[in-house]
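These notes open a run of structures that come right after.
Here subunit A shows up in two complexes: once beside subunit B, once beside subunit C.
Now for the complex of A and B:
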């Protein structure tokens, strides 16, 4: 009984690590830059396929690829914000209008990125085998690649949290999350910070994608599912709360794992039920004020 | 939506033009080749979805991503009861089912403001799809359903009928105090509530009326596809397209969303048949460009150009 319980919780944590990473990324893009990025999952897909391609064709270790994918995705995200979302922000009369417009623009991006990906990589399911052996953990058996995934998700998130908490730029980002206008008045270079946040969000998505590709088969249309999960987790943790997203990711992972144990077909349904109940009862999330 | 164009002294001209357009539309299947009917069905479907979306979201400012929910409910209603009852009743039930669901959803959620409402309604689409899939796989032991197919002409005339009803409803709402109150919600909800507008009742009712037309359209469209499953019926795509089409056309005028829906549907069909592999890429690019450079939509752009032209004319004389 206890072993089964442990089994479920650890499986939940393993999935939760990925969810947390994805959600922290979206939280930066939505919570700070106010872009509800529907194409978030496409960056996950790019990360996953980049890792897959480099491993299959060149034979580069997926964990090293993470370090290569990160900067590339950062630049994509950074310049996307600098060009597209920056001019949307300038032309929008209010924050609400910007949110609606930027969401639709990111929907367009989803189309563009997915089409390019299908042209480059095709529409079939791809996978590779890396660190694919069992590790015994307290009587339960887990795949080594999933444990590595969890480890990396935690390390990346923690590193980012420390960056936010202790550096000058991190402070700027947190200030921008609270109130962009006032932060701008206090001398934070707000356009730069928002673009950086969008870039960091893309990095998180890409890294999560790279980690995902080690454990699961990938397709060019995989993005949407993760975007939705990220949105759910961000709402669960409270919009704009990066710590909330991190905790929310693990929480959702564990809930998913419990539900999957009881009835596998209901995992996704349970996410939506939680999401909808939460939006109705406490839209500010578990850590919201 | 601005109704002054329809109520001014030019209104008679407008009515005649609209009447002529509809008479022409009514005769299209008799003369046009088969493909034109299929194209017109797609166009009418999106026009109905877009205009009903604007009816609620355009005036109140609440961005609903629920069209796919109501459209899907109509599709499933039609798939379940189609063939057992006369078709007009099936379409009516499809609309009513969506209407009732919208009343429930609206009463529950319309106190959510801004982006929360958009996120919620989007989640609802996926909740419907996944719950239904679970139900089918575990309770009824099936996946999807077959639908009794109707002829293209039947589908076309039903959609045309729904469209006429929808336009009349939109027109009547705009003319009434009801429409005025709706616009006041869009401009400043709190102020509207203070001046005695029953904000919640208004929002929920309009949401439900717009859902009725989406559901009815879904019930008709279901008969075009021989087979449906939860992910075909509850496709988030149908939630985004009306929003995109309305913004592309411009929401300042009643005919803006219609123009947007017509152009984008034609473009979609054209790209799918000619450049199937690049369809999403081109469509996405157009979408991004439209959002960037057409803040008031096509109609807004045309108006701006017209104003500039007439100003110049006055300056010359």
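Now for the complex of A and C:
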């Protein structure tokens, strides 16, 4: 009984860790930068393929690759916002119009990134074996690569939370999330902060992709599935709430694990049920205001 | 009277000149055979399309065109093949619209297949309705056999569950004394069919199915199922799914130390990328196959054409040889017909035998005869995907029980 309980809870945490990381990234982009980035999953895919490529072709440890992918994805995200989304923001009469425009633009981005990836890496499935051995936790067996994934997801998310809580820039980001206009009046360079948020969101997605590639097969068309999960988690946690996304990710992981244990086919269905119930019962999410 | 005769001669002369002119124009104008395809260049099916039929038709067309093309007596010359390919975006609806477009609007000379069982099901009636030959590649299912009776223009080249993979697999296991099996299958037409056929074939050889679990196509964590399979202590584990399921099921089995006496997964274990992912750890893992380069000089030559100097990832020992043989068969049928008339070629394909890389090849009721298959079940042995069943085509003995997975590192 205890082993079964551990099986379900730990398996939920393992999946939840990845969900949390992905959702924190989208929360920054949507909650702060107001870009419902439909191409978020494509950054996950880029991180996954970057890690796979460096491991298979150059033999670089995937955990080291995480450190290499981070800055690259940050720069991509940062400049995307500085160019594409900044100009959309400038040409939008209101925040609502910007949200609509940016969502459409991110749709376009999705297809562009995905097709470049297909041309570069092909459409076939990629996979590698890394830290693939069992670890016994209180009688329940888990693959070591998944435990490492959880550890890194928690460390990265916590580090980012501390950055937001205790640094000047982090406080600026939080202020922008709460009220961008007032934050601007208080001296926060809003445009810079929004671009940074988009860049950080891309980093989170890329790191999650790198961690995912250690455990699961990857394809150049994998992005959308994770984008949908990220949207569910962000809504579950509350728009703009980093901590909410973190909690929401783990919650969704554990619920998914319980449902998977009973009937694997219903895991994704349960996510959508949660999404619908939440929209009806508490549209602001767990920690949303 | 004289005038009438002269007028008659004039009319006949004009008519003859016109007909000769038209024929000559046709002969001169027809300088290529246009083959149309609606393929998954993007979307979820692109994973399969990109690694299955694409490398085969690309290599084959290049080879045929390098020799001038296909000789068509009607035109008195060889005609090179030109491919017209649209992206169906892995969507059945888009694929059917594009298929209609290729036939009605583009008026292609021939149609080559879409990718996947469900797509074949949708495309076959359209091709048949327009009298276009459809020689399928990826995809095949038991239900197709029923459909083919009313689809005379459709020919299925790929082997599948009861044609004749699982009967051979069950026989191999029965001979080795396997008693129990656990089945995990992907919850779609493919998985349902394979698990159903296993449910018929296994008991014939004294194998009880002690557990069965379905997984949705997008399932990530397969550890609950692998743990249940391990707890069942089954002799045989079957993963009837796509690479999306076979790869994580293998990884999870290794990590959790689930090492049944036989482990089969497909489609997945038959690909080169499966071996490059896990390396020697997959020793003894089984999958579906149709040939081995060891079987004949022709098989070796084909393997060299498709794989020499290329990454191991692109290898596919199940589909590639059958797709290649189908194309060779199609070309010879056209040459024998001496025309591009679909009806004439179709009749030849339905009734005649041609020599392909598999040996003598023919179709029975629209299916490539199972006697043409040069393998059904493969097993990884020392880095090679050997044919182990049926025995008359085996390139290695079936290893049962499979060797253990590599020893796990010390546990916590």
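One rule holds in what follows: the second predicted complex is superposed on the first by the 289 of 289 C-alpha atoms of A that agree within 3 Å, B and C clash if a C-alpha of one lies under 4 Å from a C-alpha of the other, contacts with A are read in each partner's own complex, and residues count from 1 in each chain.
Going forward, a contact is a pair of C-beta atoms (placed from the backbone, for glycine too) under 8 Å apart; a residue touches a chain by one contact, two chains touch by 3 or more.
This structure is a prediction, so every number in the text was calculated from the model and none was measured.
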item	value
First (subunit B), second (subunit C), both or neither touched by A:114	both
Which superposed partner A:143 touches (first subunit B, second subunit C, both, neither)	second
Partner chain(s) touched by A:163 [first = subunit B, second = subunit C, both, neither]	neither
Which of subunit B and subunit C A:283 touches, first, second, both or neither	first
Which of subunit B and subunit C A:5 touches, first, second, both or neither	neither
Partner chain in contact with A:268 - subunit B first, subunit C second, else both or neither	both
First, second, both or neither for A:128, with subunit B first and subunit C second	second
Subunit B versus subunit C as contact partner of A:99, first or second or both or neither	first
Shared subunit A surface residues [contacts with subunit B and with subunit C]	114-115, 118, 265, 268
Subunit B - residues contacting subunit A, complex	61, 63, 108-109, 112, 114-116, 118-120, 122-124, 126-127, 130-131, 133-134, 137-138, 236, 240, 243-244, 247, 277-281, 283-288, 291-292, 295
Contacting residues of subunit A [partner subunit B, same complex]	36, 84, 87-88, 91, 96, 99-101, 103-105, 107-112, 114-116, 118-119, 224, 228, 231-232, 235, 265-266, 268-269, 272-273, 275-276, 279-280, 283
Touching residues on subunit C, where the partner in the complex is subunit A	40-44, 46-47, 49-51, 187, 213-216, 218-225, 227, 243-244, 247-248, 251-252, 254-257, 273, 277-279, 281, 313, 408-409, 411-412
Complex contacts: residues of subunit A adjacent to subunit C	7, 11, 14-15, 114-115, 118, 122-129, 132-137, 141-145, 215-217, 219-221, 225, 256-257, 260-261, 264-265, 267-268
